[in-house]
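My structure is below; once you've seen it, I'll send some questions.
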């Protein structure tokens, strides 16, 4: 039980706990905050896996930009626990059960898939996660999708303007 | 010589076309001249043919191939031989007389209907000739249905009266029932022999199994039942009296109804080889003879009486056919044609005189008003009653003799029938002509003898029915006196060879003749004495006489047993099965689609949550289906 | 590559034209011109003319099939703009932006028609979807439009998640982002499948089903098509849907043996469910627009046959189907948009007030119903033929034709309304050019209906 | 670290996301749960990429095998960002018109 | 070349007719076109050699389908029927006024094109095309110009037949992939070898399509309603010609292609047909509506034809062949009369009629003759047909023939009942002041009567015309 294991299990526990908190907390603001915790935990996982670039990007893009965006919107609508609508308990139960079934099925599949047995995810060493290597790959082999995603952003931008602008 | 054959049916056809198309333009006299003239012409031709046949035998002449398919051929061919030539003479001869008679009888009709009448009559003669001349069963069938059609048209001639129309339809449908039997027989022949021509059929009889022959003959006889009004298909004939009286005389007494006899006589060989069928024919014929006679006892409509007597006489003819006396049957057809036509025409002239009064209870004492009609009618009665030496005596006697030879029971029942015949005929005679007039005064004022066009045929026919019998004098009186038998011999030779022709001893035959004659005379006197002082009274008949008056309730029985159930079935199909059953199912499918559509719509609840829920569940199900090798238990065991 | 780059550039051009030009019809004309240009470029690309050479590192592969589909999509878009351009202008303030988004969608389409790996598939799908979320919500004041767009977005995002999970599982099993990579061992030819990969493909399959609105993942379709502004419904339900199918076919083309025997069973179930829900539910609709939404589901059921029996006939068939279905639906929607009342009764007596519209509409409907002498017949014909050729599934074909008979019911309700019912159908004013294009469109449909080879020879030379 | 752990972790996260989507009515929360699903996918991708890298490393010391996984994560993040901007815009538009973000009220379109 | 002309003439004249606005001109145009195609058919039947009657060009090479037409004996006869019927129908209904007549006659002509195509196509896919092309215009004709319940009824009719043809399409596809040379040509269909099970399945796919078209009990329920609701001109086409499509298709596409299956199932089918005969006849007895009566009597006649078809012998088949023509002629005549009565008296219920013979003697005579033809009286055309068919049926099974024969009796019952109720008896208020039929109708009916009587007395030409087709089918057994 080395430090890595300890960290791993701690982060895992944190991730799952805060993820659950995201959907049980009545107040949307709390959900957002818990989600940010989830993202931090996941970034921790990235670091454990020595994917530093992604860890940073995750923090900046998700925990930073996206979540702040969410937070703004929620503030703007000043949603809080009182205004938060609740589904009927049966619906919740149905949702939980079906989600659970989904999990069970996939887990059972993984256990069926013998070919995953004994495979290890390489921790802390292994340098593909470094910015240098990723950047090389991104601008050589994956330049086309990289460029094309600009179209995505353009359309998103246009969309935000078209939809969001008050006319 | 045989080229002339075509002319025989051609003249009536032309007459039909001219009268039919020109009935609005032509004048009555012209119409009647064309109508009668065409028949006269073909009568002349028939005479020529007759003598031609007498000298140098029968011929078959083909016009063209009516139907020619690779499995069989039906030529449109005419066959003139002894049998058909006799019938030609009867049809055209009597046909002509009746045309003549009609020209006066139908005077009151307005020209177009007058023309229609003669057109129908000519068409009838045409198809009757086709029937007789046809050289195979198919052509015969054409004529067979043709005459049925004409009788339909003529019974319903006065189409304003719906009862007449019903009678006409009844006649046609009942004939159709018979015709189906006829057709099936023809199919059977075609199937087994591949031909329907008389010559080939009779030549190849050996190819037929006895069952085939029995079946074919029975089916043919079913046809005869319909056409010749035998039990159980006879009820149309009395109703057919709805038609004009000359029509009854021509079609429903003299010619058409004897088509059945002609057909069986034509296929005598078949019947001779099917004893079972022969017995059937004999029994049916005898039964019909008696049965119809009993009904005739209590009828009060002059034409109805004659109608039932016709049925009964036809019964005798079938009896003759059944016992193998083909000549006798044909002979009786001939004599019956004479006196029955005479009777009908006489009745016609009476009705004419009485202004369409047909109830004999309202007549009487017409002797002094209608001398010619009276005397001729009397002679006819004697003839039909079978008083020697009138024609009916010889023919009926020949049949009865043959019946006796076959089976005495037939004979005695037959004689009983002839007694009944004598009784109802003279009852009719007495009620009509004897006693004193029972009609209204203005009727009495108008009663008068008919014009010459009507009396002339009466006289001619009277003469014929008096002397007509002498062409068939039995062998016992003189050797080879039975000229008809000798003339027809070639037709029946084969049958005779098979069945054998057994004459009775002279003594026995004399005894029979004498006995029956005496009995008949007694009956006649009884009847005349009983009915010449008849007083008309409205009292309802009771008991058996009522049953007889109501014709044994046969019509009612048919209605309840056959007609109504079929109607009911039709209604059931129309209203229940069709609407609710089949169509209901078809529409039900549509309704089901609409209904399920309404239900499926609810699946689209509009709730995103539900949509996604269903998606997730679907995914789960898919995975389970996909890895269906995982049983649920192992599935859970895998998780923990 | 031409199509991708030029459509993206044209999108940008449209954005700027929106700033420069205020007259909307000019913008429409520019868009039309741009589409013509795009079509020309793509055709050049197809028949080996001028091509922009880009080293895609085998992430994209431009074979004839995809390129040809590009021309179909671009061509139908051109027709669509020509027919409904005026109505796009009416929809909102942002005409130019709408066109820009349409061009971006076309970019996504051309990616989907040429991707080789799951990465490009994913990016293509997203480029396809995101503009559609916006277009669905284009009618901002209309609550239905908003609702549709939010529904579409939430469910779309969810299905994206599913797809990504699938892709991840495939990657985990095979170590690559291409399908069927590990299916056949190079050494021994025998098929070795890992559960993970199969599960991943299953999830990808599900999310693709979602995109092409196959039951039971179709639920977004009626609501979104109904809520979105009709012009964009027309675009979504034709070009975009066809693109989805092309992606679907290209994705699962030749990789189905990995999936084992259950594959056909499952697909058969999906097909029948789709046909059932699409056809049966459409029967009872009161709004023609919503009926068309369901009918598009039903048509999807037919198109899925090309997946069921992936053979050459199926590939030709899906192209023909794309053409027939797109042309007919664009036409119907173009007419529908002109109607003042979208219910069936709204069409009562159209034949008297607008004979040309009624007649062309009849042709389009007959084509959708698959009556001979229209393109739709051969579309369905190819689908059925491909299945019969694949063999063994005659029952499926029989079921399909029975549902086709059901489809006649709701298509002909429109015809009945137009011709046989009494009523005063009122439409927005329609110009002669509009009518002319409609007639040309109908003529084209009939022409293809008599000589489908016109389309297929293209595909072959 | 055995790869199964990561798989279970990510599947759990993913399922939690699904459950969130199914159980919450607030459009924003639902959307956040979708983001949660995406993150689960990202983590799994990285784990797999490291796994494949490790396997390939045995054969070839300076291989870049498995890098495509991490790049994919990068693209997912890009797309997610784009989606978020659009999605939030749509939600805001919705809120403007109805003053609610409750997806249960999205029932004008049905049947 | 002839068959192509036969299709193109009505096709193009029809398309032109769409744009003719003025009623009289379009009537003349349609009449002209139909007369021309009649002349062409006559030329084809009597003058041209065999090779002139075939036509074959490439149509869909990649589908293995060719645009190939061929007029054999049966084709000739049915084309003749079609080409004779249309001018007569146009003349007979010349006085009827239709709103926007242009479309009406256009659609009629298109129907003619489709029908002719069906009768001459020797390529399965082409056959299917024409099959539908004949159906769609009829749908519009009935729905636009029919009676008050027209829309629902016609729609039922359309979907019913459409399901049938779709099933047939599946069958065609299946056969196509089992032809030795992957083609739709009739000849290669004749050389297909299928295993018993497959043959049975595909047989039923085809049979249901044709059974619905004919129609055979119990697929008939669309028919009486459709006949009742359609405009009479269309009803004539439906019952006179279109019904023959089903019979024709069975003879051309079913019996030779599925010899074993048709031998396997013919007992069942004949029982169905005979049941249908009696069933329809009994219903007809209870009908009070002229059109429905004719419809059901037509079902009964068709039942006989289908029974004779499946009796598997040349005699019955020959009978069916000529009966196709005869039945067409007779039923058209009856429809014309029904139409005249409805037009003049405004009712079809013959319980409300009576005594028409006094007012309209000419009509009376013609009606009687047509009715007699309907009950197959000798010396009318249908006697020969029914005689042959019954002979064939009798060869197959005597009992079947006997039972079927009952319907002949029933036919007499209901037909004469109709005649009596309409013509005889005293006149009623409705029939009080009616005039006789107009010149056109008179002319048409007289022509029909002449055909009826001529073919009744001398049917041999028809038999010879169709003999080759019969033997062809029998050979392919």
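Residue numbering begins at 1 within each chain, and the chains themselves are lettered A, B, C, D and E in the order written.
Criterion: a residue touches a chain if its C-beta (ideal position, glycine included) is under 8 Å from a C-beta of that chain, and two chains touch if they have at least 3 such contacts.
Since the structure is predicted, the reported quantities are computational estimates derived from the model, not experimental observations.
Colleague: Could you name all chains that are in contact with chain A and with chain B at the same time?
Modeller: C, D
Colleague: Applying the touch definition from the top, give me the chains sitting in contact with each of chain C and chain D.
Modeller: A, B
Colleague: Based on the averaged CA atom positions, which chain is farthest from chain C?
Modeller: Using the mean of the C-alpha atoms as each chain's centre, the farthest one from chain C is B.
Colleague: Using C-alpha centroids, which chain lies at the maximum separation from chain E?
Modeller: A
Colleague: Which chain is in the middle, if each chain's centre is the mean of its C-alpha atoms?
Modeller: So the chain sitting closest to the middle is E.
Colleague: More contacting C-beta pairs: A-C or B-C?
Modeller: Answer by contact count: A-C.
Colleague: Suppose each chain is reduced to the average of its Cα coordinates; what separation in Å results between chain B and chain E?
Modeller: Chain centres of chain B and chain E, defined by C-alpha means, are spaced 36 Å apart.
Colleague: For chain C versus chain E, what separation do you get between their C-alpha means, in angstrom?
Modeller: 43
Colleague: Quick check: how many Å separate the C-alpha centres of chain D and chain E?
Modeller: Using C-alpha averages as centres, the distance is 67 Å.
Colleague: Any idea how many Å lie between the Cα centroids of chain B and chain D?
Modeller: 98
Colleague: If a residue has to touch 2 or more other chains to count, which residues of chain D qualify?
Modeller: 3, 7, 14, 17-18, 21-22, 25, 30, 48-49, 51, 55, 65-66, 68, 71, 75, 79, 82-83, 86, 90-91, 93, 103-104, 106, 108-110
Colleague: Where in chain A do residues touch two or more of the other chains?
Modeller: 87, 91, 94-95, 98-99, 102, 106-107, 109-110, 112, 116, 142, 145, 149, 152, 155-156, 159, 163
Colleague: For chain C, which residues are shared contacts with two or more other chains?
Modeller: 119, 123, 126, 130, 133-134, 137, 140, 149, 151, 154, 158, 172, 195, 199, 222-223, 409
Colleague: Identify every two-chain combination in which the chains touch.
Modeller: A-B, A-C, A-D, B-C, B-D, B-E, C-D, C-E
Colleague: Quick check on the complex: what are the chain C residues that touch chain E?
Modeller: 366, 371-373, 381, 384-385, 388-389, 391, 394, 397-398, 401-402, 404-405, 408-409, 412, 416, 419-421, 451-453, 456, 460
Colleague: Which residues of chain A touch chain C once you look at their complex with the stated criterion?
Modeller: On the chain A side, the touching residues are 106, 109-110, 112-113, 115-116, 140-142, 144-145, 148-152, 154-156, 158-159, 161-163, 167.
Colleague: Where on chain B does chain E make contact in their complex?
Modeller: Per the touch definition, chain B meets chain E at residues 64-72, 112, 138, 141-142, 145-146, 149, 152, 156, 159-162, 165-166, 168-169, 172-173, 176-177, 180, 183-184, 187-188, 190-191, 566-567, 569-571, 573-574, 577-578, 582-583, 586-587, 590.
Colleague: Could you please specify the touching residues of chain C with respect to chain B in the complex?
Modeller: 151, 154-155, 158-159, 162, 195, 198-199, 202-203, 206, 210, 216-217, 219-220, 222-223, 260, 262, 265-266, 269, 276-277, 280-284, 406, 409
Colleague: Using the touch definition from the top, list the residues of chain A that touch chain D in their complex.
Modeller: These residues of chain A touch chain D: 4-5, 8, 12, 15-16, 19-20, 22-23, 28, 31-32, 35, 38-39, 42, 45-46, 48-51, 53-54, 57-58, 61-62, 65-66, 69-70, 73-74, 76-77, 79, 84-87, 91-92, 94-96, 98-100, 102-103, 106-107, 110, 116-123, 126, 128-129, 133-134, 137-138, 142, 145, 149, 152-153, 155-157, 159-160, 163-164, 166.
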